[in-house]
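Just dropping this structure here.
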Amino acid sequence: MNDNRSVKEKNLELKPSPEKVKIAAFLCKWCSYAGADLAGGSRKKYPPNVIVIRTSCSARTNPLFVWKSLEKGLDGVLVSGCHPGECHYSEGNYHTRRNFAVFRKLLEYIGIEPERFHMSWVSAAEGDKWAQVVKEVVKTVESAGPNTYFSKKKEDNA
Amino acid sequence: MKRLLKKEELNRLLLGLMKEYDVIAPIDEEGLILFRPVTKVEQVLWDYPNSLKPVKEFFLPPREVLFQFKRGKVQPANLSLKKRVIWGVRPCDARSLLLLDKVFLDSTQDVYYREKRKSTLLVGLSCNHPEKSCFCTSFASGPHHKEGMDLLIADLEEGIFLLESNSPEGEQLLKGRGKEVNKIDEKIRTKIKEKTERKIERKLKPSQFLERLTNGFDSSYWEKASRQCISCGICRYLCPTCHCFDIADEEGERVRFWDGCSFRNFTKMTSGENPRFGKRERFKQWYYHKFGYFKENHGVFLCVGCGRCLRNCPVKIDFSEVLQQLPAQAQTPAREG
Amino acid sequence: MENIYLPHSAIVKEIISETADIKTFRLTFEDERLQKSFTYLAGQFVEFSVYGVGEAPFCLASSPTRPGQIECTIKKMGKVTQAIHDLEVGDQVGIRGPYGNGFPLKELRGKNLVLVGGGIGLAPLRSLIQNVLDKRDEYGDVLIIYGAKSTEELVYQKELEEWENSPRVKMVLTVDPGGEDQKWQGEIGFVPTILEKVNPSPDNRMLITCGPPIMIRYVLLGATGEMGYRPQQIITTLEMKMKCGLGKCGRCNIGRVYICKDGPVFTYQQLKDLGNEF
Amino acid sequence: MLEQLRKKAKELLKNKEVEVIIGYQKSNNNSFTTPCFIESEDGVDRLTWDEHCVYNLSLYLKEVKGKVGIVAKGCDVKSIVALMQENQIDRDRIKIIALECQAQVDQEGQILEKCRTCQVHIPGMYDELVRSKTSPSKIESKESDKEYSVLEELEAKSTPERWQFWQRQFEKCIRCYACRQVCPLCYCSECISEKTAPQWILPSPSLKGNTTWNIVRAFHLAGRCIDCGECERVCPVNIPLRRLNKKMEKEIQTMFNYVPGLDSKKKPPLVDFRVDDPQEFIR
Amino acid sequence: MARIGVFVCHCGTNISATVDVKKVAEIAKGFPGVKFATDYRYMCSEPGQDLIQKMVKEHNLTRIVVAACSPSLHEKTFRTCTQNAGLNPYFFEMANIREQCSWVHDDREEATLKAIDIVKLATAKVGKNNPLQTTFIPVEKKVLIIGGGISGIQAAIDVAFNGFKAVIVEREPSIGGRMAMFDKTFPTLDCAACILTPKMVEVNQSDLIKLYTYSEVEEVSGYVGNFKVKIRRKARLVDENKCNGCGTCWQRCPVRLPSEFDMNLGKRKAIYVPFPQAVPNVPVIDQKHCLYINKKKCGICKKVCPFEAIDYEQEDEVIEEQFGAIIVATGFTMFDHSIYGEYGYGKYKNVTTGLHFERMLNSSGPTGGKIVRPSDGKEAKKVVFIQCVGSRDEARGMPYCSRLCCMYTAKQALLLKEHNPEAEAYVFYIDIRAAGKNYEEFVERVQDEYGATYLRGRVSKIFQRNGRLMVRGCDTLSGTQIEIDADLVVLATALIARPDAIKLAQMLHIPYDQNRLFTEAHPKLAPVETVTTGVFLTGACQSPKDIPDTVATASAASVKACGLLSHEKLPIDPQIARVDVEICSGCLACKEVCPFGAIEKEEIVDRVTQQKRWVAKVAPSLCNGCGACNTACRPGAIDLDGFTEEQIFGQIESLTADKGNER
């Protein structure tokens, strides 16, 4: 992000309270995003820690986006798509399932707490399931605490 | 000034240094011989071939923050450095710094490099058991050369060491330590020196390199020689005299870090043009820069014969062979390889 | 001791968009002392920094004979140029330099000049042209041959007329075949062919050319071919990837020279001695 | 075996079936075995075969144009199969001289870990096969010979311990990219590490950049790596890279019952799917 | 940098109730590239859109972010507005701060913070949007109608009326669907056959409508304007062109089987036409029971057929046709009420369903119009109707009301009295749903004029007591327990989705809800469309409907379909994949994962090495923009416009800007 614009910036920093975990949710626009909308429509309340990034299909969510989010400091990542067989592109979520079945093993193997990465199938009609998924994910990520993978130790460049 | 010290006196010297300076010495880290800051004498290795990474890493670090920028303000990294001693430098590495000085301390001084050079003392350890891959003698250096060092320790076996200062600071360190050096010690020392030099069988004749390179530029010899190379960065990064680097902005910092002419995007321009796209051109560039252009510009080869490139090449390319077999005149293509 | 990598902060004073993807940026240094003391030669370049994005070399398109702001003409190509094109008037950037050897004005003095430019290659030549025009009597007559892919890609459109009617200056504009539109009266053809068509005689004349590598190659062949120019009479700039600008990072090393330190301006003779890597 | 190899190589060159043969040779004055390229019949005598032929020569296949002969062990053949699966080489310009290989040894003469659990002592695909006359001496099998025993020690550790272990390893990485350049399956003309828009991987050898580089490499080889072990051998700072790839291999085998490099017609696992793939981790 | 304008909407109070919209706009001014930010009560309104266009001129903005509702509502609206403001329609992003923020959080502070993050995300993405030009594809001028019931027939007629070709694919041997089984229809008591048969004939005679009966849709590929559909025409063993329906064959066929059409109350032959007015009037051979097929005996029908139309060797035939749009009219099926043990279905023959009663009412039905007891065929005097069998029953996973059972039960009670004045009708109900035009009056008339007794209460048990069928229930109005000895019980079973609805939905990539009913694009704004452009819904397959509503949705769906077909060419979404051949190394992983076969191998000459090499090539008309290829491509040579790597990257970076990696 190009920082030199901040001279002009009138940034009334509303510092988010540090211990509030921040989670990115990659939602496929056909099912999960619509399910989240339905949760809104039916006024289902759920914690505000999850911010949605809309993708064309859950298969577009490259597992390396998930790593990039964790590397840049997010506390948790959720990837959600259509139920198998209901994908608008018919096969997208099958590929998502395989990609992340492998990638999550890699994440765990190098030492990322499993509580940080979640996947779910939420269809366009499952508003309350979306609210439920968010509640569970936020609780689990909070149990893992804030992401300190790269912030604790100052990188030495001797 | 020359002094003779026993092993424990040498250790006391090392301990004294540790109080006053940050001492960096070769240690064994999970099987790798690396120069690392040390706090205890026991850590220091004494009989080791040569470190994996040359001491270049303490003057042109693998990654160095040039400056940081926050809110548009530029804050240069603080350059002042606590005085330090690099203990156990081999003669070839010490000499490599002199070569690097020609690049970084010329008319446009590199401040980062200069501060590090100014605040570092080099205490060398001569080699008694050179590697088969060493060939420092072919490049105006030798297992017992003291060029570029502040103090050189020569191991006369049986726990006795002959220390020879090579700079005022070196002399300062040596003052009032150990015994005078008499003729016999001198003779033992020269005997050991010649014995080690004889151990180095790998001899090259660098004199004709420049001439053969200049007229061998388009020879098809390079096609054959470069075929085996996989264009990785090991020989470039582990070579004490290779000094190419890249600059990039990373998360609020402008950093300088090692780069190698073996990589394809080293010379790739944003327009897509790339004068050295092929593996052959990139393979050649290493030889021409070290033994052609540097020699023409500075009158000395950019190589100290430490042998790291031979030891660590993944496909075991023997670069001294490549140079030896350089054809005298331009080669007609497709000769039997 | 001055830190050679530290950019000096400068402010974008004006942005002129020359074509769809080429803009000229007019900059002044933030601290006045530097603004006054900053001197350079036509043909030198600076390292242009956008903090957080990166740094890239651009030739100075303004002339030292016209103090005040310095100007760079930049084409949108990669990450850094994209960020530069996103800059607004008043934004802060980093400038360090000047680097490179610049045009050998001494040798050009008193001679007739032919300046052959291609596309954005006209930027370094503009610095020279303005320099020559400001000291008009020190030089012979000036012939400018400038071409681009198409009419929309001709840069400095306003100044082209200005140069055409300045004293003893002849201007030949061309566009590559197929790049012309109805209103175009200039030549149609590649720059090297037009150069051979105009065929300025080589006696007491220096040829300076900048542009894409392919164009330079044909201009050099043409000039030293039937046009009879000797290699010393031809000056060009060599385009290479550059990072440090001071012959340290090894990137722009061709033959014995570092383009950034010993170039980018060379006579064709110098290039010949470099050996055929070029 | 060596004479058979040389005879076959000479034949191929004589009747112009191949223009060049990629093989192993003893470099003249020292004892190293190195890769070599033979273009003429009498150059064939330089070919050698012993237990120091660790190199996977299939990495040269993409660069060397025209009709090529290649000397290949069982694992090398697997990487040729993987390259065919991904349209990188067409089989009919390649002549494979496969050699029965018991095991290769490292510099200290120890048998390589990968050879202990190797199932392709007799290569799976070839044009010519050179069998060893003497019956293969049984390598005394150690208990650690189970296929994925190399992973158990690390898998037993807790997550934070694993993170510490890998941070310690990635900190050493100097980004010489030898692991990429030596790998036959890392054939991309422009690697993702060279992308600046967007900058996936920080280019300098910082801890964050190194961690991302090693994760990207491990994931990009998931379901493709045939465990020739070259990356771990060439790494100058001894990062246990094989353990990363082996873990991916193990997970993919248990989940999708797929072993890379055996069938050139099969689709690599991460571009394929089955309707009943495991999804117990999905809410 | 792009000059971004941020417009934060109050949406009346939907957003401003929990999100401090003023503060969001204030802080948005500080985001990189934002040149203007404001808030307004109704952004989607006329003045709201004018505000955008005015601000674009005033501040020469190049990108627009509207922070309001979900893109599925107004992304199109604001894209057109952006276009009218002179910008590329794709220089626009929507920040969903209503459905995913103000409506789902109640703490004002947290909701505002989240809204700020969402807007920051949108500005980061919009800064990296590429100008996309919509491209166009030709449209196949033909509509596929799946299902030949009244909704399919009506849709076909309307499509043909618009001058476009239609193809009806009907699984049964004849079109007509459920309605063909009815006797009379409420509330006007028109005879079902009288109003249906002319339409069936019209469909059969129209040269724009092609009928594929006794056929099923097997595979659907392609996309709006270019659907490629495989239709399996099951073998009838009767040649349609030769047979003129004279009936000799089914009169002489010796095999007699229960007729499904008559709810197994009547009989049919092995070679049969489901009902007399069947269209096409061509019989089909029931291969399971035909003696010739199973035991190579008989073969009478072939012998007697004057036109040699019988062909035992006829095979299934799969044909493939192109269509511009698809209308789904697959109708409904009846709820299997056997799970209600207390109603004793199966134990007592005289417990039947509405459809049985309807067949008995029908003069061409099995009982010739007489209401009898299936057990002994005697005339039924006392008939008990039970409402909501299966409907409105949460415990059985059937939460919805089937909407039309109250009406057809009232009609059946009336017709019972008409057929047999002494008959008594009792109706157990929970609530009478008679909301249609003249519906309430109709039910009143059944109770007053025809004396049907309406008992408000549920039936607890049906049992046998000394030969009489006893129905025990309660009447909550009088608060008494009631037992009626009935001759006949008619259960008004619920209307549910077809058993294979899911298979069809997956074939057409249209969503369905937990009741397996197809989901419309939007309940209010797009009731007959689906999220898959070009696929429309009509009739009970979307939700239970009576005939008036079914016909209405059929006409609506056909107008929508014809609307698509009236365009010479259709704009396709330009958010598709692009390949950078410089980086592509030809591994074709993208080709493997592409569900639409949109990626092919292409040989090019490399710009630098001048040598031939393989790269991937995307066919723009086939690519649907799913992006699976992006993930499969290791060097990142293929990128999906609209969701490029840079855009998603920018969003991740903006999300984590304050997480300290920006030292």
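The letters A, B, C, D and E name the chains in turn, as written, and every chain counts its residues from 1.
The working rule: a residue touches a chain if its C-beta (ideal position, glycine included) is under 8 Å from a C-beta of that chain, and two chains touch if they have at least 3 such contacts.
In this text, all values refer to a predicted model and were calculated from it rather than measured experimentally.
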Exercise for the section: Find the chain most remote from chain B, comparing centres computed as mean CA coordinates. Expected result: E
Handout entry: Chain whose Cα mean lies nearest the overall Cα mean
Key = A
Exercise for the section: State the pair of chains with the top count of C-beta pairs in contact. Expected result: A-E
Practice task
Name the chain whose C-alpha centroid is farthest from the C-alpha centroid of chain D.
Solution key: E
Fill in the blank from the handout: Taking each chain's centre as the mean of its CA atoms, chain C sits from chain D at a distance in Å of 49
Practice task
Indicate the whole-number Å distance between the mean C-alpha point of chain B and the mean C-alpha point of chain C.
Solution key: 40
Completion exercise
Shared-interface residues of chain C (touching two or more other chains) are 51-54, 78, 86, 92
Practice task
Enumerate the residues of chain B that touch no fewer than two other chains.
Solution key: 62-63, 69-70, 72, 246, 248, 251-252, 255
Handout entry: Residues of chain E engaged with two or more neighbouring chains
Key = 1, 33, 582, 593, 632, 645, 649, 661-662
Completion exercise
In the complex, the residues of chain D that touch chain B are 27-28, 30, 32-40, 42-43, 55, 59-60, 63-64, 172, 174-178, 180-182, 190, 194, 202-206, 209, 230, 233-234, 236-238
Problem - Interface residues, chain D side, partner chain A - complex - result: 154-155, 159-167, 200, 206-208, 211-212, 215-216, 218-219, 222-223, 244, 247-248, 251-252, 255-256, 269-275, 277-279, 281-283
Problem - Residues on chain C engaged by chain B in the complex (per definition of touch) - result: 1-7, 9, 49, 51-56, 77-78, 81, 92, 94, 213, 239-241, 243-244, 246-251, 253-256, 275-278
Completion exercise
The chain A residues in contact with chain D across the complex are 63-64, 67-68, 71, 84-85, 91, 94-95, 97-106, 108-114, 118-121, 133, 136, 149-150, 153, 155, 157
Fill in the blank from the handout: The chain E residues in contact with chain B across the complex are 582, 607-609, 661-663
